[in-house]
Every structure is written in structure tokens, then in C-alpha cells.
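You will see two complexes here that share chain A, one where it goes with chain B and one where it goes with chain C.
== the complex of A and B ==
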């Protein structure tokens, strides 16, 4: 068959596929594209036409600090989540299916519990007079309470806990798809367990790490409740600042500009990841 | 453009629109709104036949979105007084119809053309008796980390209160507080910054003091009242207690304006105010309410501590809200 003939067969399929997609496209257009455009427009028209909102945000040390905090917290949370989630996911991938499904149930169950309740529970555990500090002081391990709350430590602990399922689930999928024979083959060829992990397991699980990592990072960027309750005022993240601008100061132009900057930076990071890992891997295709 | 954006927002929120013999009351949720429902809404519905739907929490962004989109689903909203003054200037509020709402007995400090008082409260100094040795006597002691070591808790958001406390502690006389000397206030706050734990909401402030996580702090008197009711071992100093108020407003273009005005009359009546004060520990804004309240409740109100009481200047705050907020959050983030 000629190249033209192949295209001739392929072309009619595209409109047909698009036709089926139309309801979905309308939905996305109405509920995602239009609001984002409205946001963009407001950021350059409120209170007056021009770029003054962006100038105010980018030219001010306080806002710069909040932007920096936001990305710092998201990066730290993502890295710690990967480190904690990997062994759990590996265990889930290799253990008997019946036991694994019970553990899955427990992990999913935590996601169904109210976020505020879980965050308050962490406050009770982490504060100076909390369970952890009391136990450590009672055991004579420390004499001064550890500063576990109202700082980056508190935010990281609370957010990693909330993000874990989003990392574990894609990772288990990827790890299960890896043929265990490859690891056995590596051992037979004389690779140490560490070398087998580094050269076989880790590279093969990268798509799962990338997919989960991206999800955790992007969700962390917009996080609100946990940083507000477990962080200090110097850990303020962008979402909290935007909420203040919109809800209490009624400065919608500035809030919209901040939200739009966050959106653009997030999209840029996503595009970068697509280039680095490839589109299939970035969205979790193994 | 504005309309499209606001329209989308308001469209998404238009879930509680009320019918003809109904109206929507919006407040901050929690024990405060429960008390408002019991003391105001239920008796009002029983006598007028107008059903009062509850919504919340109060959200100034939503209120503005509704008014901008001309699709107002809230009829009466409980807001902070400095916000009400600013919102009236921005044209977001209906004037109060004082033909329907009797004005004579309302405390003039907490009512104006576009708002009637909801309740008033004081910031008082409260402490956990187990965590503090001795008795802090006033705001200056909150800045004395040698005499009173430990964490101290203050209200997190930019609002009337903390700036004034810092200035009073630094020796500014009460009648010279305004205009606020922000440089001086932040310099004073810098001296204890690492010892401050912020509270963002009333429940958090109670939790911090009850657990001893913060040894002492600046609390709403209603929260001290709740702590005492729960049997927590707390002390309180009313010295230089600072009054502020919540007010009730009707958003511009509210669909049930007449019902809203009738509701305001009931909420600000001596009986409505007395019942609410009894349930919440906050003070009535109707001067005749005290006559209807048990003596032991009256004793615990800010009204019983007018000696040395300071009224936070809501007009000053309404005027300078944005510029103070900008400096406040910049200082906090440092």
C-alpha cells in the first residue's frame, strides 16, 4: 500500500474520533479553559488595565519569599514522599495478593478521612506538649521539646502523610509490571542486591516515580490547610496568600495574577518533565 | 469581564437561594452560629412564619462576587465591623431600614447606616494556670519573656488587636493609639517574635491554651468563657481589654430585603441579644438586654470590665485595612 493510501484510510478516523470527544471537550472548555481565561483577563484588568499586578508580585520581596517557600515545600515533600513510598510500594508489589489488598484498603481508607481531622491529629502528636515530645522527654532522650510544628518539619511530615497514597498507587502498578526474573537474572550474573536495585529496579520503576512525583509535586504546590495549620507564618505558601487576597482583602486582580503565575510555572514544569521522561512515562504508562 | 467571572462564581454558589417566605442567614459556623440559630432564627421563624436558612462560613470574596454578579443569595450576613465600614464605602451593602429596625436602644458604638451590631467582644489576656507561675497583669507582661517565659499566642490575621496590644505594652497611652505607629508596633513585636505561636481560629486558640502549648495569649472573651465552662484551669486579665464587634449587614441587591430587616429587628431586640449573650459569652449590643439576663452571666461579659476598656477604632481600620495588611504579612513572613 502506498503512503497516500495509508493516510487516506487514516484521515477519516480523526474527525470521527473528535466527534466522540466533543462532549468531553465542551466540558473541559467550559469548566477549565473559560475560567482560566477569565482569571488571566482579571489579572490584567482589575483594578485597571495593565500589568501592575504582575509588577507588584514580581517586584516585592515578600511575594518572592512566598513563591520560593511554595516550591521549596513542594520539592521537599515530593522527595521525602518518594523515599518513604518506594519500600512500601515494593512490599505491596511482591507480597501475596490477599495480604496486599488488605494493606491497600488501609492506605485508601486514610484518604477517605477528613483532611482537617487528620491535620489536627498531627497537631496533637507534634506540638511541644504533644504525644511525641512527651514520650521522648519521659524516656529521658531529650530535655527540651523538639520543634516539630509551626515550621518546615511540621509541614513536611503532615503533607508527606497526606500525599503517600498518591505516590504508592502508581508506583505499585509500575513495580508489579516488572518481571521478577530480571532481578533473578541480575543476581545470577553476579550483581549485588544494591547493584541490582540501582541498575535494574530503579531504572525500570522510574516511570512510576515520575508519574507519582509529578502528581505529588503539583498537588503540593496548591496546598492550603496543612501548611496553614502545621507551618509557621514564615512558611506561608502561595495558596494561603491567594486565599487571603481573594477572601479577606478582596484584591482579586492581585490574587488572579498570583494564581496565573503558579499555573504557568506548573505547566512549564510539566512540559519539562514530558521532554525528560517522555509523554507516556510522565502520565504513568509503564 | 468582571460580570462573566463573578457570574460563574455566583452561579456555582447559588445553591441556597431562598423562596418568598424564606431568607438566608450567613455566619461563621461553629458554636457562634449555633447560638445565633437558637437565639434569633428559631424564635423569629416561629413568630413571623419566615423560614431562615443557614449558610456559611462568611466569605467576603463570595459576598463581593454575589453583589458584582447581581445574584445575591445571602440576605443577612455576620461580618467584622471594619469590613462592614469598608464594604459600605465600596457600595456592597444595603442601607438599614431603621423604620423596621428599632434603633433607640442599640449601642451607638456598633451600629451605623449600613450595619447593626451582632454582638461585641473583647480581647482579653488568658493563661493556663498550670503553665504560668504568677499572674500576668496586663499586655506588657506578654512581652516580658524573663518574668513570663513560654510561648504566647496571638491572632494570626491582620485585624484590629495585636498592633494595639504591642503599642500599649510599649507604653503608648490608650488615647494616643491612633493613628497607629506601625514601625513602633513591629519593633516591639520583634522582641518576642520567636516566642509567638499564632492562632487562626477560635478553636485553635482554645486548644493552644488548654493544652499549655501556649502558656498565655490574647483570646476572644467568648473563648475564655468556653474554656472556663469546660473546666479548664485558666486565668484571665481584663486589664485594658480591647473591644471589637461583629455586625449584621444586608448585601446590596439581597432578594429578601424586607424579611432581612424584620430578622435584624428580632436579632437586635433585647430578648434576642440576651439569649445570644447567655449562650455565647459575647456581649449584647442592645443596652436593654442585660435586664433580661441572669446576674452571673452579666458578670462574665466585657460590660462588667469597662474600667480601662479600650475601643478598637473600626473606622481607622476600615480606612487603612489594606496597607496594614500588606505590612503585617510581610513582617510575619520574615
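== the complex of A and C ==
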């Protein structure tokens, strides 16, 4: 009865609201839902109806390697990004606000700088005759140039650089919410700096690490430019493979299927993130 | 005084050109409840932080049982501390917060369990063991903080204004709790507060800080009844200061002339004064009486306002020199009833009044 009563109150509002929402719904439907459905449709109809595109992608060793490599790169990039971002975020969280906002400005500015420019800059730095190799050889530290480009190392360096702001920003928010006195209290309780980090700071910053980490991981899965320019042919990622399938092989069905798999994985991870962040909130608010 | 348990030796702390603590020297016997009292910025918290190891002193030393603490990092000092803000670990339950110092010390599980149960019963929070700190009131959180700070039997417990975030009723409740815990555990407590009532209520001794120095150290009674300086007299309890001129002092009993020309004799003189020197006569509001008493000095005033404060009345009066004074007579109710606006004489015992340089 109470459910009916609630519906009775709620129903008169819906038509009025729906009318106002209509333009937005049309926009979302036309530009977001329809293309995804078209992608799905194409992946099961091109060249012939059936699941053969998915069977080919999931059954073939070459494609499996690309999937594996995509996840490997995304995982390595995420881990390295967390390791680099944490100390930076901690410094930003505890330094005076005026200085922190300047550094924030610099980080944001780097996000706004053209992606291609930044990736080419890394090519210049990392190549065999690049700045880093020449400096190291000039200093006598190495005899042969280090292979820093066209491999996993190059992709990791380039992508970590691009992903850092997406990790730092949520992490600073989480770290700022931690009272520094809590760490002093931990010290007086007998916790060494390492123990205080492991038992207090790390658990308290996990929501930020989870939020930033999943964002970086999901973005890395679908990344194209940086892996294409800094990676090698032996560790191709999914986005590159899709580009090849469509541009070079003109195999729209296979490309659509690969894109759809990527979309499903991304959405699954996003749902996981929502669950994690949601449950953290619930614990914090209890 | 018994042998010093904790010793502070010529402790100095400078922040650039500003010196927060000037050569503070202090001996604290085992089991004492000593309060650092003073206005904000008087150096009391800085001194406490030097003991905790949060700030390295510029010079001087802190000795615990004759061993210097200065080269020992905070986490190895084995000192308990309760902070002004609630510093419980928000992701750990009440029981795990109390267990934390024992876990980082890698004590056996059975001992941890037993100690946590003991501590929670000490602060009367046995039924809250599984709660998260956010589900507790401010007073309960400070009691958990107290349990956590005592769980590892530290020789010293530092408390940095632990009650300042609580409302008056809760404050009084936790004060009683702290007194009881001090009695039951015998731990040496160093307590920082700017609230003189809290200091008087809790402490064995009070060190009154002013501008980075200890102005006076003694029991609450010492500071209240025998203030060494006018600052102490003004900070502890309520005081009236009357402008006077010193005439003579014989055997520590001074005679002064009030602004209206009347003379008062038999006053406690702090230090020596010249004839004709400008002085300030301190009289506690509760030292005034409305009825004549033997050996009583008198003061002509005009009563401006009488307010009822429950246990006593507070009278605002004005001297003939135009200075407002605060009178809270402890005399019988009958005499208090006589207080009504208008001119009259009030009386005080000159032996309970103090003379300070102006």
C-alpha cells in the first residue's frame, strides 16, 4: 500500500519532467546509444551474421597476445603511476596551500598541453641517439644506448607521464582529508615511520588509490597515440589493433567486435569502481 | 620534593627571531599531575611537543630517569599522548585503536586482548569495542584516545588541551574521569590547558606560563592564595586591582593610600617598595564582605548592579575614583540581601590582599 501511495505521488511528476528531458534524451540516444548499438550490430553481422568475429578474436593466439599485452601495459602503467604519484600527492597534501596551488596549476597545464607534442617530446628524449642515452654515455655510465623506445619501457614512461595527473588529483583529495596529527599519534603509539605508513596512511589513502588507479587502468586500456609512437610492433595494444583492422584490413566486423570487448571490460571495471567507492563511502559515513 | 622523574633542563625553543620557550627548567616527580597553564602562545604546548619529540628544542635537555630523550625519535620514547583534536585512526574499530600500540610492539595476541579489555573497562567503553570512531561522540572518542595512550603503560602521559573541543558538561564529566584514572593508574601526567578552572580542578601542581617562561609553579592553592606576580593573580581566579600609593612596609605588612585618600594597613607586600611608589592592590572578589568584621579594612563604593548567579551573587560596584570592581561576597545570605544599588562601605581582610608594583 505504501508503495502504491509513493507511486501515486511520483507518477504525476514524470510526464512533466520527461518533456523537459526529451532534447537531452534524443541527444544521448542519437550520439551515444545508437553508435554503440551499431557497433554491436556490426560485430555480429559483418561479414555474415553470427559470433564468428568474437570466436576469431578469442580463439586466435595472435589476438590473445594483443589482449594480454593490453592488460599488461595497463597494469604496469597503473602500478608505476601509483608509485610515482603517491609521494607527489603526499607532498602536495602537506605543503602550504599557496605553493600547492601553484604546483597544481603546473600539473593541470601539462594536462592541457597537446598529447602528440608530449609524446613526440618523449621520442626525442628516449631514442637511441636521444638526450637521455647521449647524456648517460657521455657520463660514461653506459657503453651502448639503452633500448628505451619501441618497447614496453618506452610505452610505460610515456603513458605514466600522461596518466600522472589523473592519479595525483584524486589522491591529493584523499590525503588532504587525513589529519596529520593522526600520524603523530601513531608515532607516539610506537609506530615507526614505515609502520605508520603501512598501518595508517596506506589504508586511509586506499579509496584515492582505487579511484585514481581504476581511472588510469581504464584509460590505459584504450590508449592509442602513445603506444603507437613509443611502443614496438611486438607489443601492440588493442587500440592499435582495432585501427589496423579497420584502416589496413578494412575488416569492420572484427574491429567492431574488438572495440565492443574493450567497452565491456571498461564498463565492468567502472562498475567495480563504483561498488568500491560506494562501499567505502558507506563505511565512512556509518 | 622527591627525586625528579622527568627533568626539563634550560629548555629553549626559537622559531627564527621569535623565542617561544625561554630556558624553562622543571622537575617532575613520579606520579605527579602537573599542568602547564597559560594563555595561547605562552610556550606551554611547545614545551610539551619537545617532550613528545615533535619539535627539537634549540637548546636545553629533557631527561627521563636521568636519560636524555632528545636523541630518541618519537616512536621510541614510549610516551602516551592525548591530543586536542580526536586523533583516533578512523579505519580501525575502538578495540583496534586501543590495540594499535601493542600491535606495533608485536605483543602476543592474548596479551593484546587482555590489555584492550582492561583499558576499555578503565574508560568505561566495554560495549563500544567494535564501533568505528566516527560512530562515537566527542567525549567517547577522547576516552578511547586516553585508553590508547595508556595501553602500553607509558611512564608519562601528555595531554594537550584534550577537553577544549567538548562542551562544558562533557568537560566536567571527562575531568572526573581523568582524575579517577590518574588515581587508579598512578601515571605521571603532564597536562596543557588555558582553562584555569580545569587546571585548579585536576592538578597536583600548576606551572603558569607567560611569554615562554614559567611565571610561578606550585599547587593551585599556592597560586591562588600566594600569587608571586600580578600576572599570576590576574590569571588564576578573579581579581580586582586598585591603583594605590605605597607608604611604608613593616615586617612584610604594607600600608598604602587609596585613590580616595583613605589608608589601608596590614597588606601582604610582594617584594620591597619605595615610599610614594605607585602600586596595585589586588583583592579577590570573594574576599569582600558586606558586613563589618574585626581588623577589616573598608572601601567606599557605589553599588551599580547586583546579579544572581545561583550559588552566589555578583555585585558590580564603582570606587570613588571611578574604577569598576567585582564583588562576590561569601558572607551570609542575610548580608547579601542588603546589597542594593547605592553608596555604601564594603569590607575586606587586608591579610588576603596583595600589593604589586604598578
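Just so it is clear, the second predicted complex is superposed on the first by the 237 of 286 C-alpha atoms of A that agree within 3 Å, B and C clash if a C-alpha of one lies under 4 Å from a C-alpha of the other, contacts with A are read in each partner's own complex, and residues count from 1 in each chain.
Convention: contacts are C-beta pairs under 8 Å (C-beta built on N, C-alpha and C of every residue); 3 or more make two chains touch, one makes a residue touch a chain.
As the structure is a computational prediction, the values presented were derived from the model and not from experiment.
Of the two partner chains placed by superposition, only chain B is touched by A:66; chain C is not.
When both complexes are overlaid on chain A, the residue A:192 reaches chain C alone and has no touch with chain B. In the superposition on chain A, A:200 contacts chain C only, with no contact to chain B.
More residues of chain A lie in contact with B than with the other chain of the pair chain B and chain C.
Using the contact criterion defined above for the overlaid structures, shared-chain residue A:38 touches chain B, although it does not reach chain C.
In the overlay built on the shared chain, the residue A:29 is in contact with neither chain B nor chain C.
By the touch criterion defined above, A:182 reaches chain C but does not reach chain B.
By the touch criterion stated above, A:47 is placed in contact with neither chain B nor chain C.
On chain A, the surface touched by chain B in one complex and the surface touched by chain C in the other have no residue in common. Chain contact summary for the complex, chain A toward chain B: residues 34-35, 38-39, 41-42, 45-46, 61-62, 65-66, 123, 127-130, 150, 228-229, 232-234, 236, 241, 244, 246-252. Of all residues in chain C, those touching chain A in their complex are 52-54, 73-81, 83, 85, 87-91, 100-101, 103-105, 132, 134-135, 145, 148-149, 152. Across the complex, chain C is touched by residues 179, 181-182, 184-193, 195-196, 199-200, 203-204, 283-286 of chain A. Only residues 1-2, 4-5, 8, 59-62, 64, 90, 151, 156-158, 197-198, 200, 204, 207, 211-213, 321-322, 325, 329-330, 332-334 of chain B touch chain A when the two sit together in their complex.
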